[in-house]
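Next come two complexes, and both contain subunit A; in the first it sits with subunit B, in the second with subunit C.
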Partner chain A sequence: MSVMLQQTTAWLEERFDLSGVRHFVAEKGVPIHAQKVWYYLGGITLFLFAVQIFTGILLLLYYRPSAAEAYESVQFIVTKVRFGWLIRNVHSWSANLLIAAAFAHFFSVFLLKSYRKPRELTWASGILLLFLMLGFGFSGYLLPWNELSFFATKVGTGIAGGVPIAGHFLLRLLRGGDDVTGATLSRFYGLHVAVLPAMTTALLALHLLFVQRQGMSVPLETEHRLETGEPLRQMPFFPNYILRDVLAWYVVLAILAALAAFYPWELGTKADPFAPVPPGIRPEWYFLAVFHTLKLLPSHILGIEGERIGIVAFGLVAAFLVFVPFLDRRASRGARSPLFTVAAVLGLVYLITFTIVGHYAK
Partner chain B sequence: MTRLIDAPRRGDVRFNRRTFLDALLAVGFVSTAAAIAYPVALYLVPPESGEPDTSSVVAAKSAELKPNSGKVFKFGSRPAIVVRTTDGDVRAFSAVCTHLDCTVQFKPDTSQLWCACHNGTYDLGGNVVAGPPPRPLETFVVNRRGEGADEEIVVSRG
Partner chain C sequence: MRRTAPAFTAIALTLIALRPAGAQPAREPNTCATCHASVPEQRLAAPAALFAGSDVHRDRGFACADCHGGDPTAAEKSRAHDRTGRASTAFIGKPVGQAIIAACARCHSDAELMRTFAPKQRVDQATEYATSVHGSQLARGDTRVATCASCHGAHGIRLVNDAKSPVFAANVAATCARCHADPQHMAGYKLPDGSPLPTQQFADYRQSVHYAALTRVNDLSAPTCNDCHGNHGAAPPGVGSIANVCGTCHAVFAQKFEASVHRQIFDKGCVECHGNHAVMKPSDEMLGAGGRAICATCHTAGSADDKGAQAAERMRARIDGLKTSIEHSDAVVARFRNAGIEVSDDELALHDARTVLTLARTEIHAADPARVDAVIEGGAAIVARVDKNAEGDARELQFRRRGLALSLGAILIVVVALALKVRQIDRDRANR
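And then the complex of A and B:
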């Protein structure tokens, strides 16, 4: 076995210079400190994304993206195809765990201020990836073409219609017309399986490249201690850390398998555009906070439509998030920036409370 | 136990704690791969078509099928062909060429069934006359139902 490996390496070596790779593998280290547990979240998100690609490709074998057949094809997958229920449940559950892991990753990096110089671009690409994941969730939700997703998409795309100036254009662009129809399904399908994956691949490559080139960030306290001459305790990535990563993935896989097996994702009833909206229409949990906030806004604030103001505000928050590393000058200098810590904590508290309130609201 | 672990085996390959743990790890990874590969492999195999085998179908109205003509119709999920010979006899066959599954058609000039893909030719008994088809066409049973202008040609499987 090892002889074969050696021969293969030698064969490759004669053709490509592998010294860079070998050097990278030998040198890559992971800092050891009190906050190192947060390093796992990026890897877990990546793992779940891989699960999504894998199960997504499998679902493509039987799924049919048309208003007439989408629901039936998913029904076919979960009832007729062997282990189809498993693939579909894993895809649905993994999507939700992926969003949760991405949010946890986001908040841990935010609170540790790991975005500070020189990692501004790693952060910005990560925020854009988070938005892409939300886009995956939004577009994928509609694909089974059931009642719940149909009306949730009506509401969701309707919110896009509230964007000032470009609203109507955006709404028609998303829906492929004035209403949510089979044309919307075609668009969301294309978005979900081609456009978003292509964008994610490019951004993810960039994100990972940055992480590899710059190495892992260490918390400010650790960095200060390093400046006083204390040596950085590190663990080799290969094989020490990667094995720990794999262990974390195993735990996630076990959770995923248990959820998929014991809590099947409901298919609901087929969407009927002419049926009255069933009560309790709400988006996926990760959109609940925003959804509920928009619902609570008064119809008019200072003569402007309340919802419109809300949408602009969320747009500004999104833009703010991308530029956090450039705005947090103190962290870039290596100083504490309690203002940003407070902002992150408030954001987290807001998201959690509004998600819960939105869940129980009538 | 110590004796087992430290016992040298075949030359300088030693069965020590490290190789044992490596083997354990490998078994774990291989089992995971197998646990994933099994459902995926079964998933990839398409399930049997939910459509039941059609046993009988109305192919055409008697009146619309002129002598020395043929009509391809849907028999379940596959095409079939019904022909009326010059002397008025009605016959039905599977229209799926036995060579590579193309759909055959009736050729009025030679009164034969002809596959355009590779020039396979069958006579009106379904037998191969020329070309690459390895077997004759599957023959169906023809019945007539109704009377006069309403008479229908009903085709059924053997």
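And then the complex of A and C:
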């Protein structure tokens, strides 16, 4: 095997200059410190995204994006297609684990202040990727065209309609009309399998390029010790770290397989636009905190519609997240920034609390 | 016929005395409303206030004088209430007894006039009323019986489909109960057998499945008093016509009952088993020859001579058998559904089996075990198909579990191998 590898490498070497790649492989290291465990989250998120692409392509072979056939085609996948049930369940579970991993990755990076100079753009691209993942979740939820997803999309796109000035335009753009119909399904399908993947691929390539070019960030404390002359302990990326990464992916794969086999994703009943709204309609768990907050807001605040104020506030929070590295000047100077730590912790507590409360709220 | 003669005379006289109100536009000014609204005596002020509120007649341009007569343009009380004036302005006052029927019938029995307001509405209420127990009692001079105003109100009359109307479906029973649940009011009235007319019908009805459907489920098609007794022609359904009355809604049951041996035996048809006002939700326990079975009222369990008891027991056994096998298959299918296997076809089949069970419960009204058997066979065949599918589901589940176990085993081996490899290369690096 190794002879064959050597021959292949030699064959390639003869045609391309691989010294840069060899140098990268030999030199790339991963810092060793108490917080190094968080490094795995990025890799796990990437792995789950790969699972999504793989299972998504398989689902595309049978899925039909029309109001008349979408539900039946998913039903066909889970009942008649050999291992279709497994692929669909893995796709649904992996989507949820992916968003959970992306959130965990986001909070770990936030709390470790890894966004500080010179990694501002890595952070910004990561935040945009997180938004894209949420977009994947939102658009993919409607595709089975079942009752829950239909009405949840109605509520979700209705919230988009509350955006000041551009709200109505946004609502019509998302729905392809005034109401959720087959036109909405076509749009969401296009978004889910073409627009979002294209944007994600470009942004992900950029994100990974930044990480490779700049290497892994170390916590502030470690950085301070380095400044005192203490050498940075590192392990080679190849093979020491990559093997650990692969090990973590295998563990995630085992969890995914067990979840898909024992907790199938319900298909529900086919969406009926003329049916009354069933009770307990709520979005997927990752939108619950926002949804519940908007629900709790009073109808009017200072004479302005409460929901509109809420939507603007969430928009500002999203913008704030993109620009965190540029706002946290202390972290950029290598100093502690407790204000941002408190903001991240409060954000985490808020998300967990409101997600739980939103789940049990009637 | 002789008894009703005075009633028709009264109607005729009133018709002459009153003008065809609907043909005329509403009169302005209406001094009746102006004066009555300000009189301190409640008896005289209340009608004006009610009429000024929500009233279907006022909304269509009718005024006080259209029923009470009098001159609404007169400023003086005496002229307004002049009983001796021209026929068109002669004051009638408060119509009582037959005069009420006449006052209402003047318009409501006039097809041409009613067409201008409510073309679909019937115009035979007065004729029907004359055939009712209320109407015949009134014709005998009994003024305690219900007339139009007793149920519809006199002032502030609302349309029948107005939820606040006393004759709105959900309010009918309470409206009838105002008299029929009042022992004092009903004192002296007797059943054909001479026994006093009971007053517990409303209390019984409130326990019934019909009342529950009407008031809890808001099913306005559920029967209330008038659906069985009639409204304007209200009378108890004759003994022979009970099955027809129930069959108005329960058509299939009535059809089955028509073919049964009970048809000739039961004096009161459906009521014999289900009761009349307090109709309870039927259950399988009602069938059979023992325990709480209704059949046991006449039939004897275990008797070799009682073919009816044997038939009842056989039908109950078949129904119980299908019910149990559906429940069993339901549990099996639920287990596979929870395990992640798609079972919607089986769920649909079991739904069909439950429909067959309902049909079998309908079939028992023919009191023929052979007919019940034939229906049950169809349900049993469906359940057998579901059970056969369940065997396939069990194999699929086993396959999935084995597959998962193998996959997890393979993953575990790779994880362990990777962990060992990582340890080895870490050690090698440390040694270097």
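In the analysis below, the second predicted complex is superposed on the first by the 362 of 362 C-alpha atoms of A that agree within 3 Å, B and C clash if a C-alpha of one lies under 4 Å from a C-alpha of the other, contacts with A are read in each partner's own complex, and residues count from 1 in each chain.
Assume a residue touches a chain if its C-beta (ideal position, glycine included) is under 8 Å from a C-beta of that chain, and two chains touch if they have at least 3 such contacts.
Since this is a predicted model, take the numbers as computed values, not measurements.
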| item | value |
| --- | --- |
| Which superposed partner A:R64 touches (first subunit B, second subunit C, both, neither) | neither |
| First (subunit B), second (subunit C), both or neither touched by A:P239 | second |
| Greater residue coverage of subunit A in the superposed arrangement, subunit B or subunit C | C |
| Which of subunit B and subunit C A:K28 touches, first, second, both or neither | neither |
| Touched partner set for A:R225, first subunit B, second subunit C, both or neither | neither |
| First (subunit B), second (subunit C), both or neither touched by A:R82 | first |
| First (subunit B), second (subunit C), both or neither touched by A:Y263 | second |
| Contacts of A:L247 with subunit B and subunit C, given as first, second, both or neither | second |
| Contact residues common to both interfaces of subunit A (with subunit B and with subunit C) | 250, 253 |
| Residue ranges of subunit A touching subunit B (in the complex, touch as defined) | 58, 61, 76, 80-84, 86-87, 250, 253 |
| Residue numbers on subunit C that touch subunit A, as the complex places them | 339-342, 344-345, 400-401, 403-404, 407-408, 411-412, 414-415, 418-419, 421-422, 425-426, 429 |
| Parts of subunit B lying in touch with subunit A, wherever the complex brings them together | 32, 39-40, 42-47, 50 |
| Residue numbers on subunit A that touch subunit C, as the complex places them | 75, 78-79, 85, 89, 235-236, 239-240, 243-244, 246-247, 250-251, 253-254, 257-258, 261-264, 267 |
